[in-house]
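In what comes next, chain A is part of two complexes: it sits with chain B in the first one and with chain C in the second one.
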Partner chain A sequence: MLLFVLQLLNGLQLSMLIFLLAVGLTLIFGLMNILNLAHGAFFTLGAYCGLVVASTTGSFWAALLVGPVLPFAVGALLQYCVLQPLAERGRSTHLDLALLTFGLLFATAGAVELLYGSAFYSIAMPASLSGHVSLFGLSYPAYRLFIIVAGLAVAAALLLIVDRTLIGATLRAGVDNREMVTALGININLLFAIVFGVGAALAGLAGVIAAPIMSVYSQMGIGIVVTTFVVVVVGGLGNLRGSFYASLIVGMTDTMAQAYLPEVELFAVYALLIVVMIVRPQGLFGAAGRVA
Partner chain B sequence: MRSEVVCVKDPIPGQLETRPALKVRPFVIATGVAATILALALPFFGATFAITLATEIMISGLFASGINLLVGTTGLVSLGQAMFLGLGGYGIGIGSSLLEAPLWLSIPCSLVAVAIVAAAIGAICTRTRGVEFLLITLAFSQMFYGAAIKLRLTNGSDGMSGIPRPDLSALGLSCDDPAIFYYYVLAVTAITLLVLWRIVESPFGSVLASIRENERRTAAMGYAVGHYKIGAFVLAAMLCAVAGILQSQYTYFINPDSMSWQLSGEGVLMVIVGGANAALGPMIGAAIFILVKQGLSMVTTEYLMFFGIFFMLVVAFFRGGVFGAVRSLIGARP
Partner chain C sequence: MEISVYRIAGAILSAGLIFGPPANAQDKAPLKIGLILPYKGVYAIPAEGIDRGFQVALAEYGNKVAGRPIEIIRADDELTPSVGVQKFNKLVQFDKVDLVAGVVGSSVAIAVSELADKAKKPMVFVNAFADEITGKFCSPYVARTSFSANGFQYNSGKYWASKGIKTAVILGPDYSAGHSFLNAFKRGFEEGGGKVVQEIWTPFQKTKDWGAALTQASNSGAQIIYAFYAGAEAVQVVKQHADFGLREKIPLIGDQWVYDETLWPALGDLVVGAKHITVHFPDLPNEANKKFVAAYREMFKEDPDVNASLGYDNGKAILLTLDKLGGQMPADGAQFISTMRGLTFDAPRGKIRFNASNSALLEKVYVVEIVKRADGKLERKFVDEFPGADDLPGCVKVF
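The block that comes next holds the complex of A and B.
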């Protein structure tokens, strides 16, 4: 029973990490109709940026604050200077843009390898979180608990922003009807770039947060991004709440498979996706009939 | 993924007669004849390096042709075709090392097995379109990748070695000779491309093209669109499996990396470089890709970064592909 609770907590922790990645991906898709295959690159960029900051200042918290800045800048610039102009020229469908970001994913991994080699790095855990916390009669690493809390906090903040603020209202309007929002005098290109940047920054945040417990290496984003795609499809493309629930489902499936059925570990998540695709091709929480 | 905007509205009747196909044909025949002579004569004046390079190009070209049947002809962008390349290789790997079956038995059996698997996967994947199709094919290929690593049958991440090449000792030839193996690959490639060309030109191929142009209208005309898409998926998978069989024979080896999604991406890149709609495009795309890759490996070890940048540039600026560019240069395009 104790072991099960432990796995439950581990699953929750993985879910929150995946959610930080998936939420950006789903926001970008929902608003701009771009499947950002390079999302894993922002995860890597955030982790390496955090690594540099942590090694110069020696503070994990500084890394956590500064790490997402680089992915934000790269993401916003990518959208504003590359993807948006290409989409406007009308030469590229959203599938072409997806393939372009696929190239970016590998270019980033290669560039990081050029700069830092293919060695494995790690950011030191902050001293205040390196202990254990006793919880339900078991001792659990404080840092993993911190990941869970951070993920929940980001989820709550995003929900609040999207549901309760003017920016959120503009965003929701942009998802529903892009032309109408433009007609109301909103600079949609700027909004797109900011949302792209925020999505990338959240992925970068996930990178920094993951750095103390996972190894940091040049291709770290390539593996995790496929799991994120599963979340986004299961949750329904472009569905914010769906991506939260789907993160929980995928994170739990992965953790439980690793703990109790190690022989299916590498494909349990994909099997889940395939079942979802057979039963509900539009995703578990997607609005019916959405044509991507 | 259309490389050119095709008139969806009703064309003016007279325009149908002067389709570019008529003008292109002499050019295609001329290149075809030149390519055939060049391909047959290569081992007589080429160095071993050139022969192995040409072998690699043909194998990659077959793989790209399989992808092109989905991406270019039917308009379904898949990022998971490497799974069928791997399945083909593992098919004869398991057939020859575990079951000790001869190649004339294990190759057809592998292809039939791939066709059955592809029909099941295709039935699920073709329920979606666009980016969702791309994602679910990717997920399937990752699943097979995971299975290939985990299963004892496939010898995990070490892969299987000792994949046999065809035994031509009855003719007094040895396939271990690069030139002989080159002719073997050339023959398989030529036959496969001929069959593929017949399929694309057949009524079946026309329906696939019309699905790409307007799926709803095709369905409204009474075609069972779903069945045609599954058919295209199965054929594409078998083409990739043929490439996989040749690839594993070429390296005498197969491992899970041949199912990676980077390889699927490389195939899509070859298709885009070659021009998504052209018949010989995938071959030309594969040739350019392999040559660029070889050239890069001489100047830098950072292959991954240049692959990514090359990919981005091609998608952004090179949509008609090289073949499209050449065709517009000689004025064959309307």
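The block that comes next holds the complex of A and C.
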């Protein structure tokens, strides 16, 4: 029983990390209909930016604050200066943008390798989080609890913004009916750039948060694309709550499979994806109509 | 009449000047060696070490064998069999290399060895540790200068069983190399009276969080976790093992790749006190190693890692063979490989000799502990040694 609770915590922690990575992607996909395969690049950029900040200031918290700034800037500029003009040209944009962002993912890995080599780096955990916390008779690494708290905090903040603010309302309107929003005089290009930037910044934040327990290296962003896309598809496009629940499903599936059925771990997440695609192609939590 | 004699003489002379003495010209033509390594991506660091070790071997020979200069043509297999096949074909058909060296990944090696067999071109693997390479897929055109998974790990299992370890969890990536190495350990460990109480296989290059696996291992009641990982995965496993506070409760024992020194900067003090097995470390007290380490330090201003020593062995074996053949590539590539099979030489890791299916054997495997020196630098301290095991049988061809 104790073991199962520990595994639940492990699952929750992985889910929150996946949520941070996937939520930006689902917002971008839902709002702009852009298949952003470069999402992993922002994960990498955030981690390296955090690494530089942490090694100059020696503070994890500074890295956590500053790390996402670079991916935000790069993401917003990319959307405003490259992806948007390309989309406006109106050719087979889905494929064009997918190819462009896919190329960007590898170009980022290559550029990072050129600058920092292919060595492995790490951001040191803050001393306050490097111990263990005793909870109901079990001991659990404090940093992993911090990941859970950080994920929940981001989820709550995003929900508040999307549900309660003007920009959130515009965003929701944009996901539902883009033409109407434009017709009402909203500068949709600017909104797109901001949302893209925020999505990229969240991926960067995930990069900094993941750095102390995983490692920072040039190829780190490439492997995460599949997992995040599963979350986007399962959760429904542009659906914030959906992507939160989907992250929980994917994270728990992965952890429980690793713990109790290691033979099916790799297969479990894909099986989930296939079933959802067949039964509810709009996602488990998506509104009817939008199909991935 | 006289004039015509002079003319003929002149013609012969000028022909000689233009074409040169044919036999001599052939001697001076370079020997071309293709070197296939995964230069970019997850195995970029080991690839660089191997390449450097190879260069040290070349420098030792002054880049020449029997008066013929050596030309290295590099190719990146991207750790992908289909790319490795393309690069092998390009080297053989377009660059017209005399032989091919390198290859780290076993899956690439299996694909390439079939081509070498068909093209009758000598292929000398540097890593490619899967037992099958010189077992089920053996070929008279293929040799390996490193060792097999069984050769490295079987006696490690026996060793730890003899040191009072009765129960272990094995933890590794779910792909061919992971299975080869850890199953060899398991065979030796259980032969020696130990018991593997749990096997945990994680999806290769897909796993980033080992929380669930480590929680299970910690709860299994075993005395140690015996792991095989490399690169990013090794960093993550070692870090997370420490995060969960398992260093005292269930130590993580592994090999030279789990505790690779290229990972030490990312791991910090977490590696201090860790024990692992290795085929080479810079402080090995034999003559061949002292020479190699000195040459490597001279060229690259740092200590060689285990990959560099494997790259050196690969280059050295090839150059010794070429030297023995007088710098001439035999018409049949198999003769090159059989000449190599007949070699015995002192390498940094110990004496290297080959078995009947062209696979190099390990004279010794070393047990080391990572310790912190007084000046704060990390180094490996010799703990013990045991002989490498024989390869698994499996090669049915006779050559």
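Keep in mind that, in the parts below, the second predicted complex is superposed on the first by the 288 of 292 C-alpha atoms of A that agree within 3 Å, B and C clash if a C-alpha of one lies under 4 Å from a C-alpha of the other, contacts with A are read in each partner's own complex, and residues count from 1 in each chain.
Operating definition for what follows: contacts are C-beta pairs under 8 Å (C-beta built on N, C-alpha and C of every residue); 3 or more make two chains touch, one makes a residue touch a chain.
Worth saying up front: this structure is predicted, and the values here are computed from it rather than measured.
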Here chain A is shared; do chain B and chain C fit on it together or clash? clash
Which partner does A:114 reach: the first (chain B), the second (chain C), both, or neither? first
Classify the contacts of A:87 with the two partner chains as first (chain B alone), second (chain C alone), both, or neither. neither
First (chain B), second (chain C), both or neither touched by A:266: both
Does the superposition put A:141 against chain B (first), chain C (second), both, or neither? second
Partner chain in contact with A:193 - chain B first, chain C second, else both or neither: neither
Please indicate which partner A:231 is in contact with in the superposed arrangement: first for chain B, second for chain C, both, or neither. neither
Does the superposition put A:210 against chain B (first), chain C (second), both, or neither? second
For A:240, select first, second, both or neither according to whether it touches chain B, chain C, the two together, or no partner. neither
Check the residue A:53 against both partner chains and state whether it touches chain B (first), chain C (second), both, or neither. neither
Which of 59-67, 113-121, 149-157 or 221-229 hits chain B? In chain C, it is stretch 113-121
Could you tell me which stretches of chain A are touched by chain B in one complex and by chain C in the other? 110, 113, 226, 263, 265-266
Which stretch or stretches of chain B touch chain A in the complex? 1, 77, 79, 124-125, 127-132, 134-136, 138-140, 142-143, 145-147, 149-150, 261-262, 265, 268, 272, 302-312, 314-316, 319
Contact footprint of chain B on chain A as seen in their complex: 29, 35, 82, 86, 91-96, 98-100, 102-111, 113-114, 226, 229-230, 232-233, 237, 263, 265-267, 270-271, 273-274, 277-278, 281, 291-292
Residues of chain A touching chain C in their complex? 3, 6-7, 10-11, 13-14, 17, 110, 113, 118-122, 124, 132, 139, 141, 143-144, 210, 212-217, 219-220, 223-224, 226, 254-256, 258-259, 262-263, 265-266
Name, in rising order, each residue of chain C that touches chain A in their complex. 40-42, 44-45, 48, 174, 200-203, 205-209, 211-213, 215-216, 219, 231-232, 235-236, 239-240, 243-245, 262-263, 265-268
